[in-house]
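Chain naming follows the written order as A, B and C, and within any one chain the residues start at number 1.
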Amino acid sequence: MEVAKHWRETPERYRLEAGKCSKCGKISFPGRLICPECGYREFVIHKLSGKGKLDTFTIIRTAPSGFEDLAPYAVGIVELEDGIKILGQITDCDPETLKTGDKLVAKFRRINEDGKTGMIYYAYKFVPDVGI
Amino acid sequence: MVGIVGYGTQIPRYRIKVEEIAKVWGADAPSYKKGLNLNEKSVPCPDEDTATLAVNAARNAMIRAGINPKDIGAVYVGSESHPYAVKPTGTIVSEALGACPYVHTADLEFACKAGSEGMFIALHLVKSGIVKYALGIGADTSQGAPGDALEYSASAGAAAYVMGADNLVAELIDTHCFMTDTPDFWRREHANYPEHGGRFTGEPAYMKHVSGAVRAILEKTNIRPEDFNYMIFHQPNGKFPVQMALKLGFKEPQFRHGLLTPTLGNTYSGSSPLGLAATLDVAKPGEQILMVSYGSGAGSDAFIFKATKRLDEVRNLVPLVRKQLDEHKIYLEYGQYAKFRHKILKPE
Amino acid sequence: MRDVAIIGIGMTKFGELWEKSLRDLAVEAALKCLADAGTDRIDSITIGCMTGGLFNGQEHLASLIPDYLGRRNTPAVRVESACASGGMAVRAAFMEVASGMSDYVLALGVEKMNDVSGDLATAALATAADGDYEAFHGINFPGLYALMARAHMEKYGTTREQLALVAVKNHRNGALNPHSQFPMEITVDTVLKSAGVADPLCLFDCSPVTDGAAAVLLTTVDEAKKLGKQPLVVISGIGAATDTIALSQRKDILKLEAIELAAQRALKMAGKTIKDIQFAEVHDCFTIAEIMVIEALGIVEPGQGGPATAAGLTALDGKFPINPSGGLKSKGHPVGATGVAQICEAVTQLRRQAGKRQIKNAKTALTQNMGGSGGSCVIHILEAK
């Protein structure tokens, strides 16, 4: 039962909401209570664009439990237009054809589920930005 | 005056061809293709479901609408494949859009008509003045039993409509419903696949309800078939809507743009809403559009819209239906398809 | 602060030890350590263990281990910093002795990983990543290191073969170590043709799942001299540092900042530079890790880890031997025990007791132990006096 644990992350996972430091402007995702750049403690919500380019990636062939049916699948670090990097799966593609530098865009997808009868966990994944 | 403020769609990238399915079941692909006017269908990625398709379609609709999500007063998601039996899809969509918490939401189910029901409620709720904007979404990852005729057509996709009273891309002229209790297709609780009445799904079901709704709205509005620039009927296959349209006096150029089934399959609750979206993608200001859904069980909702000038301004803000349908397709073999659709038995 | 010496070391065999439990392993390593030290005195115990809870359903090792070691009333504490737990336990023991709080402190590392399936072991290890923003998305440690490996290959031209050569070299060393889990020599082909795990890493780029324990006994240099220990092995420097838990939040994922800082701190404390060090035991949880760590330690320039490995710099007979024990790759990686086992190897070398894998004239050593994808690190400098 990880219901509350997932639900608590809804702003980040469903809407890509980050925290922007009110003093130095550093964007933190997920949000924090203390700015890692300047130590300031006030933030405004910053909605990430979800658009960026692939910084580095791997193709997971031996998957962690709960992800076996997706293998082989790509996970990468994406450098967003907002200037920060986030990690996520890259779906809707043949992972063998991915290249670093590829343009990607965030979509809303299923990440995992708590068995066949449990909660379904939704969040962002990235897809190639091919205009569809 | 109320109508559509923004619309958006999402179609999965994966496809399977009729031949690939027919090969497995020893069926005659050419007769299916010709008989159903169907070449291939969309298949959801394993990480897509009704909620994700609805959210991604709704995000596109919101971009075209250009409104603040907090101004959305209602969200209705119509589907026969809601991810949960109990727990709304609408809350997921509302939360993902940033519309919570002052929003009314409901999940709708009426076979393939659930999407247009959401549109119907959204339009009339706006018209009543209770909410500023309301979303009506049709989304499905529909299931056809392996080897059944439905397996060739049951596909996935979503269309979302932001309804409002200002900044319209299409003005609502009128609506009309036609509904009876006609059991042509159903799925019981806990059943994996729907069952249907075979040829009973035709004349007494689809044909009767679609034509009933069309005749009623034409009579009510005093508009003739030839007065429409475009028309969309629900598309369980590529044959029924064409037969019906021709019989009611419509011509091919009127339904050409909205007829998506031959390469999309039947997206159930997304079917006629997706056809309408593809039509809005080409409609010019002032043109009139007739859309008629059909849901087994059975009923039809008819809508008449008139495109406005704003349509041209917002159309290209997000991908067009034909682009999602025709470009960057990834074809699956039946084995992959069976895995994607959880048709392979695995140990618990 | 008092000077601290290591007067005893003890290790179990590393491997799939089906007949031995978590407590059996801990007790065996401790007893070997006490026998090696030639004393029975333990004033306090520090225990490095990443997650007895997830691997064995057993926490509270601070009670379990003294109890089963026959030291029921001895104070003990468990130290956790993922795969750096062992090294951090030694650091905690050092601080107790150096501060004057205790005179004889046993630092023990243990992990019993084979009591759960491979799936669950991987899941347990994944708790050392950012659970909500890494593991949640279906990435595990091979995957995280693979992200670094691809970036390293693309930025510096590091090759797949150079990565494989780390494993080849460590298995060559490990074949000479009686404690090794996989004491067999392998070839570049063995690595490249092994099953894909997370591109570009294959199975033989990864350290194994291992059961094992290791222990060291620390006391003051004065006490050690009284016991007549010769050669006297002292801990002359310790440095520890941390970094972001999530790999994606690093400014440069090819910069292991915690390792750089820990090394600077340890060397400064010892009054040395990396040039004064003769060999190192480093945390080669994956082949790419060893390459990046020797760069972070300043043994080679950034980007030169691969070519240096291929040129034999880090081989047993090279200019700067790395992982004479066989490393995590061949010796095995019982996570909580690893940092302690590295120190056992360094002491063995400094005492000139390493047999066929003995490094000539070994006098100064460095051990580097890290947690997660480099989110925490502890480094020890050891010297034979």
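Keep in mind that, in the parts below, a residue touches a chain if its C-beta (ideal position, glycine included) is under 8 Å from a C-beta of that chain, and two chains touch if they have at least 3 such contacts.
Keep in mind it's a predicted model, so treat the numbers as computed, not measured.
A.B. asks: Connecting every touching chain pair, does the picture come out as line, ring, star, complete or other?
C.D. replies: Basically the chains just string along in a line.
A.B. asks: By C-alpha centroids, what is the most central chain here?
C.D. replies: Smallest offset from the overall C-alpha mean is found for A.
A.B. asks: Can you give the whole-Å distance between the Cα centres of subunit A and subunit B?
C.D. replies: 29
A.B. asks: Measuring from the mean C-alpha position of subunit A to the mean C-alpha position of subunit C, what distance in angstrom results?
C.D. replies: Each chain reduced to its C-alpha mean, subunit A and subunit C end up 32 Å apart.
A.B. asks: Could you work out how far the Cα centre of subunit B sits from that of subunit C, in whole Å?
C.D. replies: For subunit B versus subunit C, the centre distance works out to 59 Å.
A.B. asks: Among the residues of subunit A, which ones contact at least 2 other chains?
C.D. replies: Answer for subunit A, listing residues that touch two or more other chains: 70, 89, 111, 125.
A.B. asks: Listing for subunit B: what residues touch at least two other chains?
C.D. replies: As it turns out, subunit B has no residue touching two or more other chains.
A.B. asks: Applying the document's contact rule, which stretches of subunit A touch subunit B when the two form their complex?
C.D. replies: Touching subunit B from subunit A are residues 10, 14-15, 69-70, 89, 91-92, 94, 107-111, 116, 120, 122, 125, 128, 130-132.
A.B. asks: Give every residue of subunit A touching subunit C within the complex, in rising order.
C.D. replies: Going through subunit A, the ones touching subunit C are 5, 9, 12, 30, 36, 55-67, 70, 72-73, 75-77, 85-89, 100, 111-112, 121, 123, 125.
A.B. asks: Sort out for me which residues of subunit B touch subunit A in the complex.
C.D. replies: The touching residues are 11-13, 45-49, 51-52, 55-56, 59, 83-84, 92, 95-96, 98, 319, 323-324, 327-328, 330, 339, 348.
A.B. asks: Could you list, by residue number, the parts of subunit C that touch subunit A in their complex?
C.D. replies: Going by the criterion above, the answer is residues 119-120, 122-123, 126, 132-140, 142-143, 146-151, 154, 195-201, 203, 244, 246-249, 253.
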